[in-house]
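Shared chain: chain A. Partners: chain B in the first complex, chain C in the second.
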Partner chain A sequence: MKRRTFLANSAVAGTALATGLAGRAMAASDPLKVGFIYVGVPGDGGWTYQHNLAKQAVEKHYGDKVKTSVIENVPEGADAERALTQLALAGNKLIFATSFGFMDPTINVAKKFPKVNFEMCTGYKSAPNVSNYSGRFYEGRAVCGAIAGQMTKSNKIGYIASFPIPEVIRGINAAYINAKRVNPDAEIKVVWVYTWFDPAKEADAAQALINEGVDVLMQHTDSTAAMAVAKKAGIVAFGQDSDMSAFAPTPRISALIDNWTPYYIKRVGDMMNGSWKAENVWYGLKEGMVQVGEITDAVPAKVKAHALDLEAKIKAGTYHTFEGPLNKQDGSVWLKKGEVADDGALAGLNFYVEGIQGKIPS
Partner chain B sequence: MTIGGIDLVVLIASLMVASTPILLAAIGELIAEKSGVLNLGVEGMMIMGAICGFVAAVHSGSPVVGFFGGALGGTAMALLFAFLTQILLSNQVATGLALTLFGLGLSALIGQGYNGVRPPQTDNLNFGPLTQIPVLGPILFQHDWVVYLSLALVAGTWAVLRYSRVGLILRAVGENHDAAHALGYRVRTVRTLALMFGGACAGMGGAYISLVRVPQWSDGMTAGAGWIALAIVVFASWRPWRVLLGAYIFGGVTVLQLRLQAAGIAIPVQILSMAPYLITILVLVIMSARRGRAAIGAPASLGRIFHASS
Partner chain C sequence: MLRLEKRAAPSRFWTVVTPILAVVATMLAGGLLFALLGKPPFEAIRVIFWEPLFGANTAYTLPQLLVKAGPLILIAVGLSLGFRAGIWNIGAEGQYIIGAICGAAVALAFYPAAHWYIFPLMVIAGGLGGWAWAMIPAILKNRFGTNEILVSLMLVYVAENILSWVSFGPLRNPQGYGFPGSRNLQNYPSAHNADLIPNSGLHWGVVTAFLAVIAAYVLLNRHRLGYQIRVAGQAPRAARFAGVSPQRLVSFCLGTSGALAGLAGLFEVAGPSGQLSPDFNTGYGFTAIIVAFLGRLHPVGILLAGFLMALTYIGGEMAQLSLNLPSAAIQAFQGMLLFFLLAFDVLSNYRIRAKENAK
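Presenting the complex of A and B:
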């Protein structure tokens, strides 16, 4: 009899424990486990570096209330499923998948672990326990493009692109449109390297562009290799993902910065107080998820003032890069005068605007 | 000489630079494999060479010291591999993979604090008036000394393997280690030395990436160059001059496709990117279709563990 009561009591206690874990009651004593998978390494000085900064900020903010674990260098594709499963099995309740190519694996693993929540960076597929978050990088790219358009003397802007996905194509278009608006003669030369991180190849691409007469370099790859080549060649370039301030004041004249810290802290907080739910977040300059790095003195004051003004207008919502009249590359009308591209159109953007030479590989 | 908007001279000159890391690594691996050891840890040795060379160059201020540092870093990794596979008789494939993973991790650890640091510049050799010769000048006489060293190594390796007693012993050990042992050659010593040579070459190749091609340090910066070097050895069917050809084809296609794009020529990027791998597969298929393993030219004892008792 006694034994039966004991069993019943412990069952109740067990249930209480289980409920407690989900709520905030247990949060103080039991740290929330948060997992991360990185496509590269924190030492890349770019994309993964920024995610790692945000992870460190989470650790600092919540102290021993969180316990983080990381798997680095996870290849995009099927192997990511193994890494995600490993993190989920290890008891992580919130997992950040920090690269586009982790999207399908994340959706698959999320189905298997309905009680674990996932944060998918730059993804677009939804599930009840998967949030998508990304920055409106094109807003920052617009400011950089405007600076580039005024800084180029050869009127040739080089652009090292990674993979032909909407995010990258959006950046190229945004840079070009804004360069063109300040300098009608500006051209953009795009090289696709089909990698996010391969310093040697990125350096080769930069060199190839420089030999073609490019004197301002933009990149959508993760390492600082192109920056080193730009320095050697004496041309200017923009930091990508992180500030890359080690290369200031030249060649780095400004930067497009991803700032994940506020979002990561908020989402971990949401987990702790039980208010986490799947969302789709696309924050820009206004919310601070995208930032324009300090514009150095290598940029003339007039150009700098114009860039800062443009940034302020984008923040205020009075200026939009993708506002008509804009034509597609083939000359057909995309946006009529005054028409602004909606988020759906931007999210799936797969064509160049009029004036950009070359084809998007498919 | 311009074809389709590409300056051929600039293209050839830049492909030589782009191919040098994989050429160095591949010629080193060729010697290791000729002695009968399959070392899949080239990537790990390269990345260790990249960071050790970088650190040495930054602290000494001399790129030459840097390359020695890189060679030492690669050799240290190779010695570790030699200890595991030759003394402890571990499985070569597994040990090689582990060596790569170990090298990637250790180099990232050593490299903490070196991000954004600029290494001393490696200057081109000065050939005086020779550099002014049209076409040949930029192609042959406007490089840094490592490019010439890599070419000299190819020629040297070829000559040693073909004409010298040392080369004969090395090949004997690689073709049939039991027979070589019966003749009184020290199989383990020969193999360890061959591995050390391979490590030094791979380390220099890595240092070339971090000191000349990029030039800076970032974690994992070799980004698979070691694996390409391994493929080139097979592609070359273990012959030095074909290693040179293979390395220049691999490097050349990479540089060419980037330059075609920069010049605004519409080409299917993906096809060019995979071309070197397709060629490797084709070469392997054609050669193996003829007369089996021997026709490919693989050393007969490649990857087999040697113990004096067996």
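Presenting the complex of A and C:
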């Protein structure tokens, strides 16, 4: 009962606020106000850094026609709800919520501000004014995995994993499948660090993997700490989120890059010409939301050519990592020969494919 | 030349004035910091302290002050009891987490049944959870003489790992596509800690915080136990001769502060936050330490300090929005508050004298 009254009242309040804002927006050619909330700070050099690059690109592209605002370092939960509301109250018409943990708060705030549109990064809950967008990072991970499989001499690839969620498990599987396809002896060793950004923990994990004989390092965490450890140990590694080109040509031999720029520019443009609609997009290498960073000269020409070819095939849609025959870790059949995993299966992926050692923590 | 002369007893005047001085000094130093960052200092200070209280959107920001200040006050009141007696619970963050987990677990065990008694049960579970977590350092201190500062702090990290485990494991939302985090209790009416008056920000946690302030005031001023707490802090040896049992005091102070922190966690997870997730805790337990000292370990002072701290959070966000101040500058600003407070505390414990025979 309490809940119902609460909803009804907030809906009334929200509508009142929204109509007030709509009135204000009609005052001729004001710039379009676009808001962002970040889970970290642009200085992280990874996840938030890339979102901030895209924000800057939007500013550059549209000049005076947009005005952006940002709230940084927003904890996921109640604080996110307040930050989003503040952005909406401040007159922002399009708001980018750039972390998975902002999903429920975004849905709540979207209900109260039906005239404001929201872009929810990596979310899955829909509403008439909430879009979800994410990258098919596993496509880039596939290319990195193929390079890793050919670069390893010890046949041990190290993988620093953050949290056991489908996004991360998909990346491990994609890397392993493609390493295995070029090097049947390749093994993957996974360390779970339970954080997206913690340089000390990431460095420790990298060192532990190196002590186990790993000579190629991949990561699904945001900092460059593992890169520094790899450099000291004289092994190679892949950048994550951002290019991490400061570590090129070695240890950083390539990178998996999140590139939000084209999408942000397009969605802001959609707002300007009135064609914005709520939708769910999952863009990959083809659309440029996922990119493979420049492959350095530390990689033999033959390996590089193979990687570029693989990237081209993925873009063209002629190659798919999750195409059978593929078995689950327990040996049971997942995909029959020629069968390709659909997006639903990939979105909820919660198991390793056959050949990966170790268990997914639960 | 100036020199410091220790006062026989802390100055009452300066005890009250130093927090105000600290706020003023923070404004000055903060303004300087903002100016160095190329932002208009007066405008920034105005946005932080004025805008949430008297700005354009007070219908939203005033209730949010309650939401933000509630857990800070509730936790800080509990901490202040121990701090007065020289018992240092640094682990309120962990007790907050455990309280939230226990409370949410009760709710999720009943889901989706609708009963009036679910929320009261959650409150009990939340308080008990926080109490139990704080009793670990209390028992270890009483039995083995371990240092409660270290034990309570370390247990924060244990609690964080338990939080992560339950968010991925037993309490994970079965309809959450494998993503970490529990069901959202805001969508479960029997468990939802909703605003008592819609959109007022006044939920049960805020009410409990106010009650805790009153209870602590009565305890400290009218009750024997409160007297013992004060004596134990000021003169531990005298306290022992007066028949105060240090063990009992340790158990009471740690247990109470743990229970209040646990309640804060429960009200947060059932209300503003809605769900347990690996990132559920956002530092209330640590910020409350600042609030407790800023409030001079006095219940009414803590009430005011809690609101001041909440103001800097909400105003800080508004300053980020309207002036593009980086969040780190806001955090530095909040940190200065404690720094200046501790620095000015010299004045309440010492007297400044001009040195007569310098050389």
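The working rule: the second predicted complex is superposed on the first by the 334 of 362 C-alpha atoms of A that agree within 3 Å, B and C clash if a C-alpha of one lies under 4 Å from a C-alpha of the other, contacts with A are read in each partner's own complex, and residues count from 1 in each chain.
Note that a contact is a pair of C-beta atoms (placed from the backbone, for glycine too) under 8 Å apart; a residue touches a chain by one contact, two chains touch by 3 or more.
From a predicted model like this one, the values you see are computed outputs, not experimental measurements.
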item	value
Overlay on chain A: chain C relative to chain B, clash or fit	clash
Chain B versus chain C as contact partner of A:P184, first or second or both or neither	neither
First (chain B), second (chain C), both or neither touched by A:A200	first
Chain B versus chain C as contact partner of A:L209, first or second or both or neither	first
Chain B versus chain C as contact partner of A:N73, first or second or both or neither	both
Chain B versus chain C as contact partner of A:G91, first or second or both or neither	neither
Contacts of A:V41 with chain B and chain C, given as first, second, both or neither	both
Which superposed partner A:A347 touches (first chain B, second chain C, both, neither)	second
Touched partner set for A:P361, first chain B, second chain C, both or neither	both
First, second, both or neither for A:F163, with chain B first and chain C second	second
Clash with chain B (superposed arrangement) - responsible stretch of chain C out of 150-158, 186-194 or 276-284	150-158
Chain B and chain C footprints on chain A, overlapping residues	41, 73, 194, 361
Chain B-touching residues of chain A, taken from the complex the two chains share	40-45, 73, 158, 189-195, 197-201, 203-205, 207-209, 211-212, 214, 223-225, 228-229, 231-232, 244, 246-247, 357-359, 361
Chain C-touching residues of chain A, taken from the complex the two chains share	1-6, 9-10, 13, 35, 41, 69-73, 75-79, 81-83, 85-87, 89-90, 100-101, 104, 108, 124, 163-166, 194, 347-350, 361-362
Chain C - residues contacting chain A, complex	56-57, 59-60, 64, 67-68, 161, 164, 168-169, 177-181, 184, 186, 189, 192, 194-195, 198-199, 268, 271-275, 277-280, 282-283, 314, 317-318, 320-322, 324, 326-328, 331
Of all residues in chain B, those that touch chain A in their complex	7, 10, 14, 18, 21, 104, 108, 111-112, 115-118, 209, 213-216, 218-225, 254-255, 258-259, 261-264, 266, 268-270, 273
